[in-house]
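Listed below are the structures to be examined.
In the two assemblies presented below, chain A is common to both, partnered first by chain B and then by chain C.
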Partner chain A sequence: MRRLVIIRLALAVPILLGVSIAAFILVRLLPGDFAQTAAGVTDVSAATLDLMRHNLGLDRPIWAQYLLWLGHALSGDLGTSFATRRPVTSEIFPRLAVTFELTLIAALMAMAMGVATGLASARLRGRADWAVRLWNGFILAIPNFVVATLIVLLAGLYFPQIGIFNYTPFFTAPIANIGSLLLPALSLALAVSVTVSENTRAAVLEIAAQDFVMVARAKGLRPRSVLWNYLVRNALTPVITVTGLRVASLLGGSILIETIFAIPGMGQYLFDSITSRDYPVIQAIVLVTAAIVVLVNVLVDIAYIRADARVEM
Partner chain B sequence: MPTNPKADPTSETFIAESAWRLSRRSMLSLAAAGGAFAISPHAFAAGGADPKAKRGGTLSIGADADPIGLDPKTTTAYSSYDFTSLLYTGLLRWTPDMQIEPDLATGYTTPDDTTYIFKLRQGVKFHNGQPFSAEDVKYTFDRVLNSATASRLAATFAGIESVTVIDPVTVQFKLKTSDAAFLRYMATNPDGVIVPKGVDGLDTKPVGTGPFKFVSYQPNQQFVLTANTEYYEEGLPTLKTVVFKFFKDQSALASALRSKAIDMTWFKNPKVAALIARTSHDLVSAPGQTSRTFPVWMNMKAAPMNDVRIRQALSLATDRKACLQTVLGGSGKVGAMIPESQVGGYDGVSPMPFYNHDPAAAKALLAKAGHPNGIDLGDYIVVAANDLDVACSQILQQQWATAGIKVKLKPMETAPLLDMWVKGKWPTLLSVALSWSPDPDAILQRVASNAVFGKNMGMHDAELDKMIADARAQLEPTKRAAENIAIQQRIAENAYVLQIYQYPLRWEAWWDYVHGYHPLAANIRSYVRTTWVDK
Partner chain C sequence: MSDASALPVEVSAPRPAARRAGYWLVAVGGLMLAVMLIVTAFGPFIAPYNPAAISPDSLAGVSAQHWLGTDSIGRDVLSRLIIGGRTTLFITAVAVSLALAAGLVLGLVSGYMGGIVDQVVMRALDVVFAFPVFLLAIAVVAALGPTIPNLILTIAIVYTPILARVVRGPVLSVKRWDHVEAARSVGVSEFRLVVSHILPLVISPILVETSLTLANTIFTVTALSFLGLGPPPPDPNWGGMLAEARQFMELAPLTVIAPAAAIVFATLTFIVLANGLRDMLDVGGQR
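This part shows the complex of A and B:
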């Protein structure tokens, strides 16, 4: 068991190296660079731009730049942002925490909304079913950034008392912090709630037709008990799997949502660094995200081994 | 004088008064700089502390971009200027109606056209307590001109031959040639601001002489400044704290203003500003002077754009007033090369060659150029992130189509577009709006064939190059204005650049409990120093 974990983790090393090389080369293949983008339409002479590039180390051969970066990265230093001139490491982790919190709240909201509408749709049938499926189709058709912009405009113009931009750090005021993330989380959650809702509906319908449910009813159990203990509990397993799969898309969606709601998360950081060609920040975010995905996969593998005797140790 | 020297008021004022009164030449030069230092009532009202002002308090400003470095001499980003303009000050500065007035200087004399001797304020201190003197002025400009600094301003101030300290309160600038742009750059923040001698790391720990001191900065979140209690203008700044909050999304910015999460901001789109202003009577929306233009850059290195008839046809096929009405809702003016807020800027109504909308004449010109059945000019590249640019390019596409000129719109990300633009590598047509420049010469350099950009665009006009050089050397403002108008007519005549309209860089808006603020065409918020809030 221990040997297997070590092997899995060892395999992660070449994967992360490959990701870092790809990120390093790809950002440099993007047309335009930091010096030119920062200058914009300001009249900056080519010589000055070249000197800026020299000071940032961008005039060295790409492999030399990479080896230098790798050396620092191995010692835990992910470089210094071109734009803010601050170490990337000290910026990236607080932001990552904010994004995780936003994603978590959104996932919980999507679960609550999706399970409620899915159940209603499956159990009530008829008009309720139609209404839910119409709503789901409608929500699915609207991208989350449109929802976010509409929320921002409506709340800002007609309900200014809501205060949508009062982002407060968690450790300053936990309740206010969660409150400030509710609307952004809602705009993220809507689309995911459709997936959850449709899956819940399908799962409940499927399980409702199973023999053990019929037996439960025949035993004379109260309908409420049948619903919660037999239907929902069994239907939830696939629903949780689906929600888990959608978390990745929540992370991706948070890029735009954080930008619109001015939340200092990782998404906004990535968005800014891509538009300004802030290479060290882009590389660091790609690497950290890849590391998270790899780590989660290793954990899942380990979980499978423990759960399923058929997987070889 | 709109100056309130704290240290020795009598002698200081005397020096200043005598400097202005005694030298007729200096008055002349001041006028050349875009207006006399003589006090217009507006400038005076804006310059001093308002006796009714409520002192203290916090002003929250919604900003749409983070600063990129806070060293005023090495940053190249417009977004940084908003912050440097409160942290640092220079020898001269701009008034709300874009005249030049003294700031760290109390006055200057010009013994000849290439020499400027500035008298400095006494008793001024930097934020770190270090006293300000002529040594800092010399250090600042020596640092800019040192190529190791990698300052974009090295090119701006390349005309400086030497900076000499005469005594601690007197400094002499010797220029290589007579230069009408010099004082305008000196008045511009951050171009002309003074940094303390021997202090490093200004990029992250700014130290200036400005009305506000740096407190903290969390990228994408907020930038906090506090009042400089040792600031040299009596009674200023009125505010205790200034907080910039960042909103990258324009609708978020609008909602933040509406919900009073911020007290003031500026918008990129006049229609958004108008919409917000309509939602409450208590919002003040004040467009500044027009400071930027929307041009179509044509790559004249090769066919078909190297044919003047095709460029003229494009100009005749353009209905500039329709663009102005549709895109800006009329809040702007028809544009030529130089915006109205500059010396010799175009007023938007005077006749310009090939500015009349005449699709038939355009077709006739095309036929003469060998394209009787119209012409396909290929890709027209625009900044995808700029709503105004995209909207205007769509209207232009339709207008040109009626004259038989076909283009394919290609909205593009800003970084590759800029790369293409500065290198002259776009296929035929490209639009990127020009921001405010301290001096019209900076704009005209783009069409000079002896400058890199003009060369990249395919300019060949020795006569125009000479006109541009002469205008920069012309110290007499009325003559310079006339020369600049002649230059713009020549550009329009040959359709070197197709200018569509001119407009303010930003449409500013604030709640009416914010007082004493004046928008500035220079794209900075200098007048936060006289601002006060009464919520």
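This part shows the complex of A and C:
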């Protein structure tokens, strides 16, 4: 077991290295650089631009820049933002926390909705099964930014008192903060709930066909107890797994949703830093997001193996 | 353990009812696709107005002249919808074809060769995989500039790993089957072995996944356009229309609802097709 965890974590290292190199090269392929965008339209002499580049370390060869950055990154320093001159880590983490909270609420919503519909279609079969399938197909066809736009439209037309764009920081008013994230999270959660629903259905059907469920029923346990203690409990493992695997798409989607609902998360920040060519910030956001995705995948793998004795390396 | 438990539980055996439902879904999806393709192909003849023509009649509601009203600078929404679909669907079709071609080659080669080649290809794809798809698309399009060729290239890059994995999986088991061994023993070349003895047996999951990828690509194309990273302005496109309309949506809800409905229709088409194909071809293993 311990060996397995070490192997999985070790496999993540080359992936993250690859991601960091790719991100490093990618940002430098952007047309123009920070010195140019910061100078703007004003007539700045080539000498001034060169001096700016020298101060930012952009005149060194790219491999030297990368090794320098990597050295700092390994000690937890992701560089200094060109634009604000503040450490990138202290700029990113408050925003990352907002995005993370949004993603978490969305994941919980998706699980609640998906387990409910999946369970209904597996247990009731027949018409309920078809209704759920139709609902899932339809929900899946509405992209999250379309859902979000329609929610904003409906709220604006019929419920102007809600105040859609009133994002409240968590530490000022926790309840209002969660309230302000509910609709954005809902628009993210819908599509993911379909994956959860389909997997819940498949898992419940598979487990219901197994001997221990039959035995439980035969020895006279109440149907409700069989349902919750035998079916749902065992079906939950694969459900948690697939929800975990969808974290990547939740994080990516939150960029769109944050833009629509004006939430100060990573989305807006990434956008601004791409526009101003703030290399360290772009690199850090890409790397941190990729690290979260890779880490969640490893955790999901490990949780899966722990929960299911049949899975071996 | 009773004797009955020794019998395999045939959960995934082809159920005639599911297969019949599959035919129906494929028929419905095919019909939706046909409607979309016809409207797209004959767009310039069907569209009642020039999609870029401005008129003083802005944010108008439904009328006999403008079936879906007009937008904030008086352009006909229906015409923009029809012409905008051409851009969106063209990018989608070309990008997915490229991703499918690359995914087929990578998946077949890496699944068939195995060993070091397989490891190298799969680890390289893992790097692309570790990026959230949409984040990667934003980064690449922003880097290269939002033009139609760049959008196509980006989306092809982003979806190649997914298709390559779907191809590789079944190839790993099919290449060990007896008929492949038999063909090899009578001296069939490796290329023919892969193309005519392995590929036909792994085609079903590829069809299903391609259909799903088309749906996802519609999402990515329209979402990028929504963020302002779509095809450049004079040509209309669905994502861009949705974004532009947000400013005045309470005055003219139709300007938002029309492109939203078009996006949903296109995505739904490919989801229906994918579900139908899955039932019809009895592709097991849900993702």
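As a working rule, the second predicted complex is superposed on the first by the 202 of 313 C-alpha atoms of A that agree within 3 Å, B and C clash if a C-alpha of one lies under 4 Å from a C-alpha of the other, contacts with A are read in each partner's own complex, and residues count from 1 in each chain.
Everything that follows uses one rule, which is that a contact is a pair of C-beta atoms (placed from the backbone, for glycine too) under 8 Å apart; a residue touches a chain by one contact, two chains touch by 3 or more.
On a predicted model such as this, the values are computed, not experimentally measured, just so you know.
Undergrad: In the overlay, answer first, second, both or neither for which of chain B and chain C A:Leu140 touches.
TA: second
Undergrad: Figure out whether A:Gly252 sits in contact with chain B (first) or chain C (second), or with both, or with neither.
TA: Only chain C; A:Gly252 stays clear of chain B.
Undergrad: Once the structures are superposed on A, label A:Leu51 by its partner contacts, choosing first (chain B), second (chain C), both or neither.
TA: So A:Leu51 only meets chain B here.
Undergrad: For A:Arg86, select first, second, both or neither according to whether it touches chain B, chain C, the two together, or no partner.
TA: Once the two structures are laid over each other on A, A:Arg86 reaches chain B alone.
Undergrad: What is the contact status of A:Leu153 with respect to chain B (first) and chain C (second): first, second, both, or neither?
TA: Both chain B and chain C are touched by A:Leu153.
Undergrad: Just to be sure I read the superposition right, which of the two partners does A:Tyr269 touch: chain B = first, chain C = second, or both, or neither?
TA: A:Tyr269 sits against chain B, while chain C stays out of touch.
Undergrad: Name the contact category of A:Arg277: first (chain B only), second (chain C only), both, or neither.
TA: After superposition on chain A, A:Arg277 lies in contact with chain B alone.
Undergrad: Counting contacts the way the document defines them, which residues of chain A are shared by the two interfaces, the one with chain B and the one with chain C?
TA: 30-31, 149, 152-153, 156-157, 259, 271
Undergrad: Spell out the part of chain A that touches chain B in their complex, as residue ranges.
TA: Going through chain A, the ones touching chain B are 30-33, 35-48, 51-52, 54-55, 81-86, 91, 149, 152-153, 155-157, 160-167, 259-262, 264, 268-269, 271-272, 275-277.
Undergrad: Give the list of chain B residues in touch with chain A in this complex.
TA: Spelled out, the residues of chain B in touch with chain A are 66, 68-69, 75-78, 147-148, 150-152, 154-155, 203-204, 218-221, 245-249, 251-252, 254-261, 279, 413-420, 422, 432-435, 437, 442, 445, 452.
Undergrad: Sort out for me which residues of chain A touch chain C in the complex.
TA: Residues of chain A touching chain C: 14-16, 18-19, 22-23, 26-27, 29-31, 133, 137-138, 140-143, 145-146, 149-150, 152-153, 156-157, 195, 198-199, 202, 205-206, 209-211, 248-249, 251-253, 255-256, 259, 270-271, 274, 282, 286, 289-290, 293-294.
Undergrad: Okay, in this complex, where on chain C does chain A touch?
TA: Within the complex, chain C touches chain A at residues 1-2, 5, 9, 11, 123-124, 126-127, 130-135, 138-140, 142-145, 215, 218-219, 222-223, 226-227, 242, 246, 249-250, 253, 256-257, 260, 263-264, 267-268, 271-272, 275, 286-287.
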